[in-house]
Amino acid sequence: MAYSGNPLLASDLLFRPVHSLIDQSQHSRMGATTTNGDGFGIGWYGEGPRPAVFKSIEPAWNDRNLQEVSAQVRTRLLFAHIRASTGTPVQRSNCHPFRFGNWMWMHNGSIAGFHELKRDMLVAVDPSIYPEIEGSTDSEALFFLALTFGLVDDPVTAVARAVGFVERLAAERGVVSPVQMTVATSDGESVWAFRYSSEGKSRTLFYSTDVAQLLLIHPELEVLHQLGDEARLVVSEPLRDLAGAWNEVPESSCVVVRPGEDQFLPFSPAV
Amino acid sequence: MAYSGNPLLASDLLFRPVHSLIDQSQHSRMGATTTNGDGFGIGWYGEGPRPAVFKSIEPAWNDRNLQEVSAQVRTRLLFAHIRASTGTPVQRSNCHPFRFGNWMWMHNGSIAGFHELKRDMLVAVDPSIYPEIEGSTDSEALFFLALTFGLVDDPVTAVARAVGFVERLAAERGVVSPVQMTVATSDGESVWAFRYSSEGKSRTLFYSTDVAQLLLIHPELEVLHQLGDEARLVVSEPLRDLAGAWNEVPESSCVVVRPGEDQFLPFSPAV
Amino acid sequence: MAYSGNPLLASDLLFRPVHSLIDQSQHSRMGATTTNGDGFGIGWYGEGPRPAVFKSIEPAWNDRNLQEVSAQVRTRLLFAHIRASTGTPVQRSNCHPFRFGNWMWMHNGSIAGFHELKRDMLVAVDPSIYPEIEGSTDSEALFFLALTFGLVDDPVTAVARAVGFVERLAAERGVVSPVQMTVATSDGESVWAFRYSSEGKSRTLFYSTDVAQLLLIHPELEVLHQLGDEARLVVSEPLRDLAGAWNEVPESSCVVVRPGEDQFLPFSPAV
Amino acid sequence: MAYSGNPLLASDLLFRPVHSLIDQSQHSRMGATTTNGDGFGIGWYGEGPRPAVFKSIEPAWNDRNLQEVSAQVRTRLLFAHIRASTGTPVQRSNCHPFRFGNWMWMHNGSIAGFHELKRDMLVAVDPSIYPEIEGSTDSEALFFLALTFGLVDDPVTAVARAVGFVERLAAERGVVSPVQMTVATSDGESVWAFRYSSEGKSRTLFYSTDVAQLLLIHPELEVLHQLGDEARLVVSEPLRDLAGAWNEVPESSCVVVRPGEDQFLPFSPAV
């Protein structure tokens, strides 16, 4: 889940919606695995330009520190992620979101054949940032490839190049349909959310309707006033069943959430 | 799960059956909660008279230490438990099995209104053993009540008295249907398994068919020879779908697994 | 450590002083045990009247979540504690500070013979608050006794009665010198800090000199201006070696830190 | 600590000597850091050819699972390690001993400038074994370099080549005195223990005196009979203060513990 908008308590975003992130972790309705219990993380912008990250390998639904901390943190930009390991160890350094400087990155999905592709992916990472890699996941490797290909300057192109790189590598090794991803990344101002998979069957991704529009349909909803006009949520699954509130991000596309008008772009790997 | 029989590697019992305990933790088919991710424990008799217990608050399905240790432990009597917290903290001291001297105890279910009954239950515990209570669960409190009422000398009567005590206490406080339990306990020789609930709708409990009989139906099954004639499993859910292998423990009854002929007894709380 | 004063980042209090709390955990110079690695906790007042607590069983000096969270939390009243277990399990529910409503409590020291006294101490706790006890430590038991004896209305008297109760109980059981304590407790406005031991050889406790006075000695210290006139620290060991900055709390006494003039009282158990 | 000899309970090796490994973790007398609380691990040969490893990020001295498991494990070859992180995250995958096939590896010390050298060290690892790297430490990287240079066939030469490779790399980057190590590795039959540092000031390493000889000095020691003639311990610090029991492994040398006569060799990096 990514939230951008008026400063809110993280706990209001995480624990209060009917199908909140926490509820989602035990009864994930649309995810690939029935249970996402292999750690969680939240990242947010608050004091200073660098985002803070709180990550743990305990199941999110029982982590009392998460409840305590999120009830004290007000933020205008929050990422939250619950992990289902696709093979790499359950440890804090493998939990999302990942951070580099003032950037955050989180990924749902996997890179098929990562065990075979890992070395070549990591060798391609810019040697000057390579030592900052802390964990062993495909998701972090993809992040560092995107950084190598210019994420800081042009996020959409950089992710397109990173995905293209992985797909070429996979083709050389006979790995089919290597990339399955919904990715969100932020520099603290904008959020870029991608939905893509090599085989064209990506996991779901939704963005929330513009709050001004939503208020026309649901003027009685107190919470909408609190969110403010710039508020936008990007989620794997709709947080609650509210008519008109959720819109699917189309296959092979990218949403850019930012101050002012948001942007909706097609996305394809760079060849 | 409780196993009694020829010494086997714990990992063979935990990880190799089709619907093993580990698989069960992510896709519990009959349990009350969809996910049992609040810690696990195994207990076994090996070196010395006192059982060893290995317990952790990580989800069982990803605990590498569990995989390592269980592949090295041969035992003739193993308990394994996956916890779904009913409110008390997720911490090692709240994981099952519990131990006192050479006794082990594990419990599926809950005591309704435990928050209100806890103090009186603990005050009733024999002061000489009270300091050995380590956690804060209803399950451990029930264990110490059973010890107080003579578990070591006469397990069936002691459990009947403990359950009766809780039901009387609950009646005084207006708590209805307080006890929901399947319980297994052992002294290292025998295993006592109970199925009972105040409202007569207990969680499932199954025991495995006598191996000699099972071999008549499935002579081709290698694993049965390995188990030996005395082998018996008591489980919440059948480990694999094998015709004739599993028998439901009836409501309000107790199975005593022991060297020689096993025993099947009715169970009711002592009034 | 307890801090009361202008809102500061918790990380500035925890990580920046030369002999900060974190440094203390590895090289405790005056504590009874050489290493306090059995968990830690911080508690602070921020959003809402109830304090937040962040506690973990990892050694404080390597906990990345502590670093992340403390760099985002601004507070005017912070407790921080590093635990050295005196026998009870290392688990989150045994970490300090403990919380009840808007009160926090932390304790350095131990109750001798707690294994024998525990049951009677817990039986004496007001049954209406008994179910809120989460852990198994002597420190939490003492907190709940103090609550039972009126902590919320008159903290000094309540602690005196709790300590007196424990000493009488110990005398009956032949336990000598039962209480060894430095305790800090707060309702979010004031902080009460106690130094007492039955044998009159209490652990050290220091309070920081009034900032206005300290500025007369050290006008060059930038940090003092940031702290503000109301700032007061109460610590087990001086955080840094600054002439005139630290004053020992005398044996058998209590410091009350509060808006306006602070108070220094003698303390003795109620008989 | 490495033990080779008659099958013993791991707990007898870990917890019973006066200055056992566990005691060492809190009061390390000769180590570089005063407290080794960043995780621990044990590895042993038991069922099957592959060693089992039990590793955890909790401080060893309070880990109840370590106490439980080690009291059940009988082994003729045990490694035990307590970690003091030199910067890489505290997580299970960074705990020693590391394992590859039937080989174990543990390392005390560090590689200076690892942040700068890491990428080139990992690129030099044989691509066919590269994906088995699980953590992010210098110690595991050195292990995989040694495997790349032929550890399985000729351990002494392989370690010499790995160390030589790191020293050349460091020289190119202007890192001085890069290697500080005591290393132990085993294939389940023999143990190779190395003491080396680039600057010639290595951490201490001791091996125990031949048991037959030791019995001549201390015929009254029961435990020596239990150990058997082939028993050998290699440790960072003498486990207990027994006259004649401990011998320092000289600078720049290697001890080979194996059935029959043990071997003492000079060690120098391969150029």
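Per-chain numbering from 1; labels A, B, C and D assigned in written order.
Everything that follows uses one rule, which is that a contact is a pair of C-beta atoms (placed from the backbone, for glycine too) under 8 Å apart; a residue touches a chain by one contact, two chains touch by 3 or more.
This is a predicted model, so every value here is computed, not measured.
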Out of curiosity, which chains are bumping into both chain C and chain D? A, B
Counting in whole Å, what is the centre-to-centre distance of chain A and chain C, each centre being its mean C-alpha position? 40
Send over the residues of chain B in touch with two or more other chains. 64, 89, 92
Just say which it is for the chain contacts: an open line, a closed ring, a star, complete, or other. complete
Chain A touches which residues of chain B in the complex? 26-27, 34-35, 37-38, 57-59, 61-62, 64, 85, 89-90
Name, in rising order, each residue of chain B that touches chain D in their complex. 9, 44, 46-48, 52-56, 64-65, 68-69, 71-74, 92
Provide the residue numbers of chain C that touch chain B in the complex, in ascending order. 89, 91-93, 115-116, 118-119, 122-123, 127, 130-131, 133-136
